[in-house]
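All chains are identified by letter, namely A, B, C and D, in their written order; residue positions are counted from 1 within each chain.
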Amino acid sequence: VVQKTGASKLNVGLIGLGRLGRVYARDLATRIPCARLAAVADLSQPALDAVTREFDVPLSSVDPERIINDRSVDAVVIVTPTDTHGAVTKAAAAAGKAIFCEKPLSISMEDALEMKRTVESSGAFFQLGFMRRFDRGYVAAKARLSDGAIGDAVVFKSSSRDPYPPTPEYANPKTSGGLIIDMGIHDFDLARWFMGEVDTVQAVGGVLAYPQLGAVGDIDNAIITLKFKSGRLGVVDLTRNGIYGYDIMTDLLGTSGTLRVGYLRETPLMVMTKGNVAHDTVPFFMERFGEAYTAQLENFAQNVLQGRKPPITVDDGVEVLKIAIAATRARETGQTVGV
Amino acid sequence: VVQKTGASKLNVGLIGLGRLGRVYARDLATRIPCARLAAVADLSQPALDAVTREFDVPLSSVDPERIINDRSVDAVVIVTPTDTHGAVTKAAAAAGKAIFCEKPLSISMEDALEMKRTVESSGAFFQLGFMRRFDRGYVAAKARLSDGAIGDAVVFKSSSRDPYPPTPEYANPKTSGGLIIDMGIHDFDLARWFMGEVDTVQAVGGVLAYPQLGAVGDIDNAIITLKFKSGRLGVVDLTRNGIYGYDIMTDLLGTSGTLRVGYLRETPLMVMTKGNVAHDTVPFFMERFGEAYTAQLENFAQNVLQGRKPPITVDDGVEVLKIAIAATRARETGQTVGV
Amino acid sequence: VVQKTGASKLNVGLIGLGRLGRVYARDLATRIPCARLAAVADLSQPALDAVTREFDVPLSSVDPERIINDRSVDAVVIVTPTDTHGAVTKAAAAAGKAIFCEKPLSISMEDALEMKRTVESSGAFFQLGFMRRFDRGYVAAKARLSDGAIGDAVVFKSSSRDPYPPTPEYANPKTSGGLIIDMGIHDFDLARWFMGEVDTVQAVGGVLAYPQLGAVGDIDNAIITLKFKSGRLGVVDLTRNGIYGYDIMTDLLGTSGTLRVGYLRETPLMVMTKGNVAHDTVPFFMERFGEAYTAQLENFAQNVLQGRKPPITVDDGVEVLKIAIAATRARETGQTVGV
Amino acid sequence: VVQKTGASKLNVGLIGLGRLGRVYARDLATRIPCARLAAVADLSQPALDAVTREFDVPLSSVDPERIINDRSVDAVVIVTPTDTHGAVTKAAAAAGKAIFCEKPLSISMEDALEMKRTVESSGAFFQLGFMRRFDRGYVAAKARLSDGAIGDAVVFKSSSRDPYPPTPEYANPKTSGGLIIDMGIHDFDLARWFMGEVDTVQAVGGVLAYPQLGAVGDIDNAIITLKFKSGRLGVVDLTRNGIYGYDIMTDLLGTSGTLRVGYLRETPLMVMTKGNVAHDTVPFFMERFGEAYTAQLENFAQNVLQGRKPPITVDDGVEVLKIAIAATRARETGQTVGV
């Protein structure tokens, strides 16, 4: 396992140059002082060329193995399609590289457990990505909760709204896991982070706005209730028809107060016309969580360099997937399902 | 049945002078031009004396029958304990008086159905109280929904938070019906009003903040999911530990937008000190819905005077009670329960 | 001077049944338990008839003197055109009646001083109306300021925006005094209430939106700066083209914080559509200050009944008029003008 | 004059590595793809070393002339103390370099006019910094104004509040120009940008919160009214005792609506406790305008590379200084002062 200290930078090999991968490339190359973008891999040669040119990346390859095994690379950041997370993690662990892997770990419990075994047997440093935990709002909420600002948090309530639907191809549950796994996993991760382990779940859902999502077997709205092992309660609602904007809102109800994380306005402008006060909304997740993505990647680099433990582990990935899979089954069966 | 037109006022007998009853006395005597407070009944002679003196009420009695049967009384407003709604309604219907009855109709389905039979067989004018339907925010939401402002409403989401718990005596499920009936019935009524009939419910709940409520068999938090007959979805969350204030918030997610009803600030003052911007909150339900109560009672009086049908009927009371009872059972069993 | 104690009600003669007068009639008849609407006077017989019928007023007359001098009347409320305030006050003082007079005292300094002499020589109870001092927001701000919540208030900043212009007839400076007197007097009164006496003023203004107001010699926008005798600063901006709604906003900047009074949304509804979050606005002054008007009148009645001094005196009316007249002159001359 | 096109990057020499200079170093090195940080100059060798090491800057010197005259440098960014702007600009213009100069141009009108002559005679590309014009809120307001969203803007109202006072050394009017120049120049620039040229000004001010600022001849609060050549009106209020946070708020009142730019909350968290809803505030100008600074510098680089004219010119610097100086004199004399 890589273990560095002090001044030197972490040489990162970035695997996957899709939308988020390109943001990570920029962050690693320019916004994270303790990291260096040492190598990039992607199946697309044009994508490689563009990133290599823009950020003067020393090494690039269409073959992830090539950069995973290069001696110049200390750590890998995995932003590939979810179904490849396992294989890339395995190769990186074998090569003794520190690993950052984008969420979700997997949409299959077997794969997830296989990744867990890989990480544990190899002793690799493995950090899972859940950027909301690095958002200033959620970080502040965690701090205030720890400070006792609201007493004991007893109800968790989280809402995720996308401004428009994904393509049917993306939404196909065979690759996305379906709405509850794809969108809900962020809220379930927050649920665990703030409240502890979930015991049982119930769920309802349906195709209410976008028949094309139903056509590929997905739903576009779901509401999931959670019962934590402590007896506390939670509820998560997910929608693809947020329409007005990207709206992520979480309430923690405590015994002496409530914390609320989220906001609606993007641009600091109000337009006031006859009988009307209006403002715009948050367009989508990069506007909402762009800073959090950068902070998360910097946290990863610092953790590796300073020999700290990862704040989000492969175990977290397994446990949150259990909730999401249980909730998916609960939605299909109408039953209370144990996690 | 009373059927008046035009200029004359409706002579109202008010039965029950508890907290809400005294507000109704003031409203009938001074704020509803088309009504006159003709009579009051209550078991407490001091309460009768105080109201009679303040508003110059011509008739008062500790016996409701006395004013129900008085010729000077055109209509009765029933604000007695829930378990007496049936008997008072029966007497008033027999006397041919128009009836306004505070929610809930009953906490027992048999009683509720008995009231339904009473009303139907007598042909009495019977209007049930659900003041939120007369709140400016909810009224505006209904209008905007009808205008097509958000397309088709597909998800209903409503939250009711009390700032502090009721006494254990009040909360006792034998008389209150328990949290889900007592608090939730308002949200279930909104659900039906905005979205149509509910098919099945699921629920979770628990005693998380106030053990004294658990001691009498009640819970202090619950989350209920609704599946409407149309396939649409809903969720209601209820808490006795709102703490910060009385917070009633409802979202209607549509296919082209969202409506949100509710607010947090009572006094138009912001206090801004080092690193902090703060305002107060809505103390409790009279501050939030005081105007709506008055508007509702005026609507009742106008409906009777002008021969209009009641907007909220005994059937509404029966149907919403079905949801609340089903949700209570769902919470107890962990099962999906049909309404 | 009337001086009552305890249980009995104050019998009020209301003089003037214009828009605000009719609101006062309703308040005195139904919303102020310690007052009785004993008499009404207005030049319009139909207005008298309507109010007398609606509220069963025992006495009415087209001649104010008739009710001022009636023994059944303890106190008079004057809501007549400003230029008649002096004469009515004189008659009421001569008759030994307690007096509530709507703002402004006068638009002429000689009249105002004459009223002051009348009140002082007669010893009459005289309370001037400035309803903002009875608004919950301003009352709370005053309390928090006294509590030391923001340290010493050193800058006063107040903005008054009307949603649409008055008629040119109303706006004519010969009767209204012009924008700075007509609108600004409320802000100047707040300035004195919160900050103390004003030493000098400067002002700019112009006809920027409504040429018809310029045609009668008025302006539609003005900005006035204040220097208090203590050296503290203030600024008041006035506009007739608020357009979006009635918006009254005041900031008190202190040495350890800031208080802000005001709000924009009338109905508790947000409408969220593609990229847009919107709400309505406060229509006009009755929606904003309706409660304050009632509270003020009740305060008057209580003060008379309990022998308390008036919180807003004829002196206040004189002093605030001095500021408004000085500001008007400052606007015309471009000079700093002493108050 | 430098005139580049297309793909190549602009090689920038950064002069001045104070607080803002170091931010610019980071921006030029990592956040502005079309720029390269080619050289840095500062009197402090440690500051030079730190920046050179962090961003691999090829050239550095304690002597600005050294980098101004280096062939590797296409353009200079001047973030030195205001009283050196003139000399550095002169040298850069003589060397044929494109120039970005931080606001204010100068605090002395002679110096400012001398800079204007330098720029004009040399034909140098010269862009002045006023970052608010690159803030998303102000940019959106400008766009909406142009779209006609509020009709004709007739009143400009802008407020700048610092959360804490500068050091007396910084505030000394001999170097800062005093509050009205130092803080107000941003608001005056917005005034010109949105509304056009100012004709006359009035001002009041004082030492109300921080005697130590008075001790060096400065004031801590001021209110300035503007009369534009078009007859439109404006008001700017400035305070050093914002206390609660950094609060920059601008209203444009139009003939059919109002635009408001600004916001109060930094972290997307609300903390709701008994009777209280609270959030944090914007700490200071880098949190508020950090993105705008980057956008402005990128705009400069793009303008030079693409041969576009500067959006903010030396003339703008001269004109806005005239307003600030006139306002300072107006404050001292109590007179209306022509610009």
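In this section, a residue touches a chain if its C-beta (ideal position, glycine included) is under 8 Å from a C-beta of that chain, and two chains touch if they have at least 3 such contacts.
From a predicted model like this one, the values you see are computed outputs, not experimental measurements.
Taking each chain's centre as the mean of its C-alpha atoms, the one that lies farthest from the centre of chain B is D.
Across the two candidate interfaces, A-D and B-D, the one carrying more C-beta contacts is A-D.
Computed from the mean C-alpha positions, the centre of chain A lies at a distance of 43 Å from the centre of chain B.
Computed from the mean C-alpha positions, the centre of chain A lies at a distance of 38 Å from the centre of chain D.
Mean C-alpha positions place chain B and chain D at a centre distance of 57 Å.
Contacts with at least two other chains are made by residues 150, 243-244, 256-258, 265, 272-274, 280 of chain B. By the touch criterion given at the top, residues 163, 243-245, 264-265, 272-281, 283 of chain B touch chain D in their complex.
Within the complex formed with chain D, the residues of chain A that make contact are 29-31, 33, 54, 135-137, 140-141, 144, 149-150, 256-263, 265-274, 280. The touching residues of chain B, counted against chain A in their complex, run 150, 154-155, 157, 159, 161, 200, 202-206, 208-209, 221-223, 225-227, 231-235, 237, 239, 241-244, 253-258, 334-336.
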